[in-house]
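Every chain is named by a letter (A, B and C) in the order it is written, and numbering of its residues begins at 1.
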Amino acid sequence: MSWILILEQSLNGLQFGLMLFLLAAGLTLVFGIMDMINLAHGSLYMLGAFIASTFVQLTGSFTLGVLLAVPATAVVGMILEMSLLRTLYARDHLSQVLATFALILIINELVRLVWGSDAALPGPAALSGPVELLPGLRYPSYRLLIIGVGLAVAVLLYLLVTKTKVGMLVRAGASNREMALAMGVNIKTLFTLVFGVGAALCAVAGAMLAPLFAVQVGMGENILILAFVVIVIGGIGSIRGALVGAVLVGVVDTIGRAFLPILLGAFFQPRVASAAGPALASVMIYLIMAVVLYFRPKGLFPARG
Amino acid sequence: MKRSLVVLALLIVYPLAMQAIDHLFYVSFASRLLIYAIAATSLNLVLGYGGMISFGHAAFVGAGAYVASIALAEGVTSAWIGWPAAILASALLAWVIGAISLRTRGVYFIMITLAFAQMMFYLVNSMKAYGGDEGLTLPQRATLGFGLDLANEVVFYYVVLALLVAILYCLHRLVHSRFGRVMVAIRENEARVEAIGLPVYRYQLACFVIAGAAGGLAGALLASHGKYVNPNVLHWVQSGTLMIMVILGGVGHLWGGVIGAVALLTLEHAIADYPVPWLTQLAPNYQQHANLGVGLVLLLIVLFAPQGIAGLLSRKRHARA
Amino acid sequence: MLELKQVSKRFGGVVATDNVTLDVAQGEVHALIGPNGAGKTTLISQISGSLDVDSGEITFQGSPITRAKQYERVKAGLARSYQITSIFKRFSVLDNLALAVQARSGSSFSFWRPVASEAALFEEARVLAGEVGLSEKLHSLAATLAHGEQRALEVGLALATRPKLVLLDEPMAGMGPEESARMIELIGKVRAKLTVLLVEHDMDAVFRLADRITVLVNGRVIATGTPGKIRADAEVRRAYLGDEVAAA
């Protein structure tokens, strides 16, 4: 087991974690501020990828395609919020769960009708080769781009939330909604904006990850669960929690899958290791979630005390 | 009460009628409906009466299905061993998942139950010994003895029906018992229940385990019915489907799970197997997009008729009186 | 009967309870008064067990209960009524009280026998309803009761658990003079059988009912003593009573 391999997998984990963070950030804000469970968040991620694939085909450029897809998805998200999701804020959680679950079904079928079951989104040709980070460590340059974009967005979000007036309103809303309302914050616009930003983040993640994973109907559901785990670990309403949780989940999951079978193989018979390894790896992050919850039922950094 | 007896009579007569007109497939289909009715009813206990939005109920149905399947695959064909084992396994799983999840509330609880169920999905998916993601085909249905051959569709149907009736009756007694009152009170005002001296956590956990056990029975029946099991039975979309059934039928109504399961599965079957001419003209492969219809129906129900079909029926009855 | 020693609690930067030490003697009616935001309900919640204390000790009937869960304290004989009405709105008055009686008597892990068959539960509930003046409304849905009646039910729920000490958090909140008079009468009846820690703003009621009074300001106890002593206390007048005392 070489250090090169460990470093490489760690970078993969970081890359995946940062993209998870983009999803989780939007989701945790919606939960925290609007107290609404939005299962359709994964659908926005999927839409971002599909819309990007179309734009990339139209413009012939990866960068342009992605840059166009982000605001487009944000607009879709905001329309969704203003037309339907707004009516759910006042409803109980069960209604929110069921209504957004219905949305998943509807959006999945609509995507199938428009695009078919999958689409192609190849990465930019210029970044198809590896880069030599350290002597002996060659890492795909596209993945480096993802890490770069993820970090840039994280910094941007941090600045937005901590240094701007809007960000302050968002934080106030996340920690005490009634108080924010009482102070006359224009709640409707704020909510729509938060939702739009969340959708934009989803689109970035969806478009960036598309060349690595497949762009297909149902991709949203798989990653949504992970986003939930991230938020539960990190704490609802907390962006810092989302970042810590996401990187933790991303790294543990990636490294777990890569090394657990090998690690088990050192102690157990190969037959046992090859069966138990993948099983344990896929269960790893849920175990961590369970442990965190046992000691901190509200996550590591809950926005509301 | 009278209505229930009429429905029961119809259900008893049904397979004989189908047999008479030589449509045995519909007996098998009905068995499947009733099995899902059991599953949905078990979810109704925890969701409708207990007020716990558990989005991972498929894990318990799936655990039951897999334990029963593994028993059959390993040659243990007696239902008297396989089915109780399935129930026990699901109950145990519900205990563990419930014990952790019920320490949380609200949004956290929903997401955690979802996550745990998905964890079970991945776990089962990686069990290569029992089919992994391809699933496991079973040599036969379980055996009951006493001259009851479960391979016979009509016999199987009656066994499932008997179990469903038993479960509904148990649910009825449960709701009106001391335990049932406490559960409904918890749903109404959890803090006050604690304040009159009842440990809310323990009651919720008990409810969760009972519901999980019943779900496990449904899973065992499902495995025998199709002689096949695959990890999708644990997927969270399945949990969602069960929830759709419960809300469609009527959350917190005794027959809610049954009505919802029958309605949803019949609807799906009707869309898939009976093309409507003018709709086919409009959209040639609309049948492949049945989920769009399901999604829209669900949305409409949540927005405009959250009490489901049972709710609408009972409103009409009160309005008349 | 109830002893608090140096109980403290903070929420982030705010000190809600500041080294509170007080005791409630058996059989007395002990009133807890203070301006809004003084932390009275927070203190009650810590005594009843729905809030954790950060530091300090609470002893009930000689046994420490600081770490005990809320339902355990209720079982030991410590009940509470809420300032913001917290009843079972979709139950009838009878069912509300019957549930509380059920909680006290025997195990509720009973899954088969219908509650309706337990006549004793409902009989006791009826008696309780009579005590709090709700005999006419037994079968009304709690949500349809008038405010005063809901407050009476609120107290009834606390009494149903047959406590030895009851914490009444502003039982007269939002009541008119007639309803308040009835509540004062009820508390008067109740004090014969159990100990009362009463939080109230209605000074008339407080001075009429209380054996001793503790004054809480900004989470701190600034005075404890008989009504006469409290009335005369200069700091209390400054902090809280002021003109009200002059009027009384």
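As a convention for this text, contacts are C-beta pairs under 8 Å (C-beta built on N, C-alpha and C of every residue); 3 or more make two chains touch, one makes a residue touch a chain.
Being a predicted model, the structure only gives us computed values, none of them experimental.
Chemist: Suppose chain C were not there; which sets of chains would still be joined by touching?
Modeler: one piece
Chemist: If you tally the C-beta contacts, which comes out ahead, A-B or B-C?
Modeler: Comparing A-B with B-C, the pair joined by more C-beta contacts is A-B.
Chemist: Give the label of the chain whose average Cα location is farthest from that of chain A.
Modeler: Checked the centroid distances; the maximum from chain A is C.
Chemist: Roughly how far is chain A from chain C, going centre to centre by Cα mean, in whole Å?
Modeler: Chain centroid spacing, chain A to chain C, equals 48 Å.
Chemist: Rounded to the nearest whole Å, what is the centre-to-centre distance of chain A and chain B, using the mean of the C-alpha atoms as each centre?
Modeler: That pair's centroid distance is 31 Å.
Chemist: I'd like to verify one number: the distance from the centre of chain B to the centre of chain C, where each centre is the average of its C-alpha atoms, in whole angstrom.
Modeler: Those two chain centres are 44 Å apart.
Chemist: With touch defined as at the start, can you tell me which chain C residues reach chain B in the complex?
Modeler: The touching residues are 48, 50, 69-71, 74-75, 79-80, 82, 86-91, 95, 99-100, 102-104, 106-116, 157, 160-161.
Chemist: In the complex of these two chains, what residues of chain B are touching chain A?
Modeler: On the chain B side, the touching residues are 47, 53, 55, 100, 103-104, 106-108, 110-112, 114-116, 118-119, 122-123, 125-129, 236-237, 240, 243-244, 247, 251, 288-289, 291-292, 294-296, 298-299, 301-303, 306.
Chemist: Given the complex with chain B, which residues does chain A contribute to the contact?
Modeler: 31, 35, 37, 87, 93-95, 97-99, 101-106, 108-110, 112-113, 221, 225, 228-229, 231-232, 236, 275, 278-279, 282-283, 286, 289-290, 293-294, 297-299
Chemist: In the complex, go through chain B and note every residue touching chain C.
Modeler: Result: residues 173-174, 176-182, 185, 188-189, 191-200, 203, 206 of chain B touch chain C.
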